[in-house]
Structure formats: structure tokens, C-alpha cells
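Please find the structures below.
Next, two complexes with chain A in common: one pairs it with chain B, the other with chain C.
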Partner chain A sequence: MTFLHFLILSSIVFIIGLVGLMMNRRHLIRALLALEVLFLSVHLLFVSSSAFLGDLQGQVMSLFVLGVGAAEVAVGLSLLVLFYRRYQRTDVDDIAQLKG
Partner chain B sequence: MLLSFLILTLFLPLFGALIPGKYVPVGCLLLGTLSSLLLVITFAADPMSSPVILFKWMGAIDWGLSIDAMSVTMVTFISLISCLVHVYALEYMAEDSRQRQFMGLLSLFTFFMLILVTAPTLIQLFVGWEGVGVCSYFLIGFWFEKEAAAKAALRAFIMNRVGDFFFILGIVGHFWGTFPTFVGVSFLLAAMAKSAQIGFHLWLPGSMEGPTPVSALIHAATLVTAGIFLLLKLSPFLESVPPILTVAGYVGGVTALFGAVMAFFQKDLKRILAYSTASQLGIMMMAIGLGAVNAALFHLITHGFFKALLFLGAGVVIHLYKGEQDVTRMGALGVKAPVVYAAMLVGFLSLTGMPFFAGFFSKEMILEIAFHQGSFVLLTLALLTAFMTGLYATRVMWRVFHGGKGKQGSFGKVSPLLSTPLVILSLLSLAIGYIGYAVWGRLLLSLPFPAPLSFSGHITVWVSFAGIFVGYALYGVLPHTSVFLKEKFPALHTFFVQEAYGDSLCQGLFVKPFQRFAKAMAFLEGRIDHDGPMAFVRGARRIHHILGRLQTGHICHALYGLVLGLVALLLYGVCQ
Partner chain C sequence: MTEILFYMLAVGTIGCTMAALFMPQVMESVLFLIGAFFNVSGLFLLLGAEFLAFVLIILNVGAVALLFLFILMTLNVSITKGGFYKKPPMVIGGLLLIEMGVFLILKEHTVPVLVKTTQSNTHALGEVLYTHYIFPFQIMGVILLTAMIIAVGLLWEKGRRHKRQEHQSDVKASDRLTLTNPERGKGIKR
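== the complex of A and B ==
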């Protein structure tokens, strides 16, 4: 169990999240879940590096950021609700109003 | 003390122009005139001449006030005339709905004129020069509902722009200090345009479309003398380039005679006075050409007073005739309006240079200098001008105030607001010659010839008197002669009545070719626009259409881009 293992693990989780976000063409909730995975993979890296470096500040910081992350999820979900109320759908492909 | 009086005189008119109201400008001008009188008294007690620099602009150009005999004289003269014209305009423009605007513009004009005459540098002089030009444009076109007025304003402005262009050339040349002849020619052309010398004279009669107070203040006493003032100011420089002075002398002489002849053939009262002004400006220009700077300034001042008087008198006459300006339709006004008659008589006697009137001193002085310098061509031109001046003065006086056929009907009383400036100006026209010669000449100017009554038995007076006599003979005694001459030489008569075909010449030589040129340029400009900048615009639009498709708005596409960019950056970092 070296730091490299954690690095690889968090990278794999990150890539899973990223690919999930990119491949997802169906549902907005899936996109939110993929985002959460991305977010947590970074946390994993942060906490593990804090543990290996023996500096508790990183873990404390991670806790704070988790709090912010919860707020972000709340915002995402409320956007989802609004989107559903407006279009009666939650397909990601329908969100394309920002085209040039 | 001196400086504070000068600053008060200078900025009160500006204050009057900025505060809307009918009486504010008049009040400001009255105070300003008072202050200018105090200024001249203070200056006379302790003459000094030094420019006061108030502040620097861009580290190089001085802004300030020059205090010397010439600027103090001019400031007092301009304030005084402007004040009287303001009072006159109170009544004259009373029926106009935009009177307040009119008064404000008059005040603004006065301010710029004062800036012009107190400028210590050419740049500041140019600011005043442009300022009076634009005020003149507004005031000539004050009744812009009339097409003729709008056109005349535009013409005056454009002709003055030609002069302004040469002024700029002159400033640049003067700054570099090379090509003195070129600089001299530039300044001479600038002065010719502003002072309506021959070739540039057309705008002055046209400017008579403006209200009469404007003609009195701007196109007789002040603005048109700006060109003369410029040359006076530059006289030390001009003396180093004698050919320019010679040219200026001949231009002045020819303009003087031309103006006087044209004045004789005009029918419109104000146009007669306009040509007369051009003629007198020619006399001043001639004096400059002769190197008689003080005499030119002296004539500028006396002419300012009596010509303003003539214009204000003409304004009253036009008012009495309810807008009629054609002298051939007037007559026998002398008995009905004695005040105006007396004022106009004083003005014309002064203009013709009869003894003891203002014009006598200055005109005689200039002719005397011409005589002493032996420039007999100029002397002849000036004497012919004096003769013609007597002739047209008599013609106007006879047509307007004597003569048989006048409009019938009752004439109203002349309001005191109109007659007071007339009386004051009449008194000044009587007195300014003595004042200028005896008091102020000694104190401030050191006029070159102590005795003006020495020149060949007053030949000027005799010649002018001959003009008056011939005029009286033509109109008073033998009224059929002029008709006979008119029928005998119709072509000549048309030539003079058409003002030497100046308008047609100007149209044919400059206006029409320029319009054609402008049309061609407009076509060319269209092509250039289409193939130049607009081609870029079209290309940019096309590229925008192509590139715009890349942005689909889908989140996944944006993410592809993001990840690809990230990978490219990482690869770049690794390869490094």
C-alpha cells in the first residue's frame, strides 16, 4: 500500500467519472453522478496524499470542500428539477441551447 | 491690477454667453466695457508691454494674455462697440423668438474676439480666429429659415476655411523658421480671406443676410479686421520679407478701389455698406503694405466706429421701412427720422474723410505715408477710392434721405434703445480722430506723423469732395444722367451690378468642378468600401459560419474538446 497505489486508484476513478460524463447521452442524473465520482476521486487523492505526508491540514481541508460539494449537488439537483418542469424530460442531448 | 481688469473684460462676455437670458449678456458687456475703460486708464498711467503666461499646455504651448498698446487698444475698442451693439440688439431683435440665443452668440463672439486680440502666441490667436469664425457662421445663418441666409453662412464659413488652412500652414512654417516667403504668403492669404480682400471678398456681401447688429459688430468693426490685426501682429516678421509687403500693398489698393466701385452699383443698403467695408479694409491692407503699422491700426479703430454707426443707422432705416433694403425704393426719410439722418450723415462724412471727422485723420495719414514713400500707384488707387467713396456715400444719402419717391405712410418713432447707441457712436466718430491722434497716439502708439494736415494741400479732402460733388450733381441736380449712362453702356452696367460676375466665376471655377470631383470621389469611395473593408467583413462572416458549427452546445462535445486539450498539454509537457 504505497502512495502510488492510491494515485493509480484515484486516477482510475477519475477516468471512470470522466468517461461516464462524456459517454452519457441519456440522462441528466447520470451526468450528476459522474460529476460526483470525479469530485470524489480528487478527494481520495487529496486525503491519501495528506495521510502519506503526515499533514492533517489536507484532510481538514477535504472535509470543508466536501461540505461545499454537498451544496453543489443540491444546486445540480434543483437545476435538474427546473429542467424537468420546463421540458418534461431529463435528456442530456436536449440541453444544447449554447450552440454558436 | 492691469491683469485683473483685462481678465474681467475678457471673461465677462463668456459669462454672459453661458448664462441664458436677455439682459445678462448686456449687463456683462456693460461691466466689461467699464472694466476695459479702467484698463486703458491704468495702462496709460503706466505703460508696459509684456505677455503674461497663465499656464502651459502640453508643456510647450503658452496660454496667456499679451498686454501691450495694441492689445489694450483693441480690447477697449471691441468691448465698447460690442456693448453698444448689445444694447441696440435688445430692441432690434425684440420681436425675434430666439433673442436670448442671439444675445448669447453675440457675447460668445465678443469673447473669442478678445481672445484673438490678447493672444501672445499664434496658437492662441488661432483659437480666437476659429472661434470668431464659427460664431460668425452661426450669426450670419441666424435666420436659417431663409435659404439665402443658410447659404450665405455656409459660403462665409467655407471661404474662411481656406484662409484658416493657410493660417495653419503659416503657423507650421513659422514654427520651423524656414521659408519666410512661403510663411509670409500663407499669412497674407489667411488675412485676405478673413478681411475679405479681393478674390476672397465674396463672402462679405453675402454675410449681410445676417441680422443688422451682426453686420455692425462682426462684419464691419471686429471680425473682418482680424486679418488686418494678424498682419499688424506679425509686422516685425513681415518687414523681413519686403516682397510680401509690396504684394499686400497692391492687394489692398486694388481691393479698396474695387470695393468702392462695387458699392456704387449696389442697390441693397447693407450690401453697399459691405463693399464699403471691403474697400476700407483694403485701405488698411495698403497701409500695412506701406509699413505704416500704426496708421493701419488707427484706421482700423476709426473705421470700426463709423462703420458700426453706419450699419446701426442702416438697421434703423430698414426697420422704419419694415424690412425694405433696396435704396432705390426709399427716399425722403430725412425729415421723418432726423436722428438717423444726422447719425448716417456723421458716419458718411467720416467715411469720406471730411475734415474733423474720424476718418479724416486716419485716411489722410495713410495717404500721406503713401505720398512720402513715393508709391504713386498706391496713391492713385487710394485717391480714386476716395473719389468713389464720396460718390457712393452721396448716392446712398440722397436715395435714402432725400429724393422724391419714398414710401408713403407713417413712420414710427425711433426707440431710445436704438437711438442711444447711434448718438454715442456719432459722438465717438466725431471725437475718436482727436482722441486717437492727440491723446492716445502720444501715450500708446507714437503715431509716425505729427501733423496730418500737411500733405499737398489736403488733396485727399479735395478728391473726396469732388466725389461728393459729382454724386450730388448726378442725383440731386441732373437725375436723368445716371439713367442715360445706364442705357448708353448696358454691358458695363450689368458687369458692375453683377458684382464683376464674382458669383458666376466662383461657381464656375470652384463650386462646380468641386462638386464634380466630389461626385467622382463618392463613386470611388463606394468602390473602395466594397472591395476593401467590406470584403474583410464578408470573409469574416464566412469564417464565422464555418467555425460556429463547431460549437454544438452539447456538454459531451465540449468535454471532448477539454480532454483533448488536456491530453495535448500533457503530451507537450512530456515531450519537453
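== the complex of A and C ==
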């Protein structure tokens, strides 16, 4: 179990999240879930590098990423609720009012 | 022995994230996301980052995934038609149970990777956080406050009746409670 294992695992999770984001980008809830998966891979990368380099600052950064991720989810879900209230659906394709 | 734990948790993480993103129902996706959080938290434990492992569970499972579930239930979109499936909760519960069993069996043999210091991980993290990163820490609090204000402000509707606290706190004890000294054998007339 080396640093490389964790790097590979974190990049696999990142790629899964990215592919999921691209495939589900019409559905807003699923896009937010994919963003959570991306955040998860970033946490894994930060913490594993912090552990293997023997430096605690990576864990501190992971803590900050945790806070920012919580804020992002709160704002994103409130936007989702707002959107659903207006259009009664959650497809991103319907947000086309500003299209000129 | 650490390798066994690592590969088990890694396979669990990858499987749970894939299931989370490609399951047909969003509710199941959220459940599998919770499973992925637990697996990653086990990996953090392997790495010796105990504080972040538990904070990940408390914050992401307890707040973020729960928020997703609340929103899903509120919006009434894409809930399963034939009732809630029984399979995904069983799968996740069984997976976590097996992992816990392996952790318990292999407990004597596991060696954390980091932690060569004498103090615990939480202590060391606190020292770094409150000496070098105190201002970013405070700014993170401001960011969370801003997110809260934005979330409330976005969903605030002017005409709608919101539940307020004022009328409750206006009531005093003397409004509801009267002290009387009734005569003997007569009782109280209202």
C-alpha cells in the first residue's frame, strides 16, 4: 500500500464523478451528487498526500474543502428548490429564458 | 494485512460511487453515496486521519446526504413508483457490516501509515489549524454564514405566510396563569 495506490484510487473516483457529471448533466440533483463524488476524491487526495508526506496541512485543506462543499450543496439545493417551484420540474434544459 | 483493508475499502468506494451515479432512482443514488462516504472514511482511518474520518461521516452523511434526502422528499420528483426498494439499503448495510467485521478481525495487525508523533491526530490538527490557519478558519465560518443567508434569501417568498417566533415569545406567564386563594369548600368560580 503506497502513495501510488491512493493516487490511482482517487483519480478513478474523480473520473467516475466526472463521467457521471457529463452523463447526468441534465438532471440537476444527479449533477450535484456527481459534484459530491468529485469532492470525495479531492478529500482522498488531500488526506493521503498529507499522510504520506508527513505534513498535516493537507488535512487542514481537506477541512476547508469540507466547509466549502457544504456551502455549495446548500446553495445548489436551494437553487434547485427555487427552480422546481417555478417550473415544476428539474431538467436543466428548461433554463433557457436568457437565451436571447 | 493493511493491504486487505485497503483493497476492500477501495473496491467498496469505487462500487458505491458508480452505483451512486448510475442507479435509476435518485433515492438509491443518495443511499449509495452514503455508502461511499463510509468507505472513504474507513480509508481515512487507515491513513491515520481519525478526526477527518469522523467529521466526514458527521458532516457529509449527517448534513449533506440528509439535505439531499429532504429535498428529494420535498420536491416529490422521481420517487420510485412501486414503493421504496428493499435491495439497496440491504446491499449497503451488508457491505458496511462485512467491512466492520473485517476491521474487527484484523484490528491487531493494522498499522496506521502516518502518526509517528506522540500526540493524537486531533490534537496535532488543532495545533496546526489554530496557529497557522486561524484566519482561513474564520473565513470559512463567514462562507458558511453567507451560504446560509443566501439559501434563506433565495427561498424567501414575500406573500407567503412564514412561521415566526414573535407571537410565541410575546406571551408572558401572567397571561396564562392566575394565582387564586379559594375559600374553603367553595372552589373557584371563573
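Here is the rule we use: the second predicted complex is superposed on the first by the 92 of 100 C-alpha atoms of A that agree within 3 Å, B and C clash if a C-alpha of one lies under 4 Å from a C-alpha of the other, contacts with A are read in each partner's own complex, and residues count from 1 in each chain.
Just so we're on the same page, contacts are C-beta pairs under 8 Å (C-beta built on N, C-alpha and C of every residue); 3 or more make two chains touch, one makes a residue touch a chain.
Note that the coordinates shown come from a computational prediction; the quantities given were computed from them, not determined experimentally.
Touch criterion not met for A:Arg86: it reaches neither chain B nor chain C. Note on chain A: of its two partners chain C and chain B, the one contacting more of its residues is C. Of the two partner chains placed by superposition, only chain C is touched by A:Gly69; chain B is not.
Of the two partner chains, chain B and chain C are each touched by A:Asn24. Touched by chain B in one complex and by chain C in the other are residues 23-24 of chain A. Those residues of chain A lying in contact with chain B across their complex are 18, 21-25, 31, 92-93, 95-100. Within the complex formed with chain C, the residues of chain A that make contact are 1, 5-6, 9, 12-13, 16-17, 19-20, 23-24, 27, 29-30, 32-34, 36-37, 40, 43-44, 47-48, 50-52, 54, 56-57, 59-60, 62-64, 66-75, 77-82, 84, 89-90. The residues of chain B lying in touch with chain A in their complex are 547-556, 559-560, 563.
Taken in their complex, chain C has these residues touching chain A: 2-3, 6, 10, 13-14, 17-18, 20-22, 26, 29-30, 33, 36-37, 40, 43-44, 46-49, 51-52, 55-56, 59-60, 63-64, 67-68, 71-72, 74-75, 77-78, 113-114, 116, 124-125, 128-129, 132-133, 136-137, 140, 143-144, 146-148, 150-151, 154-155.
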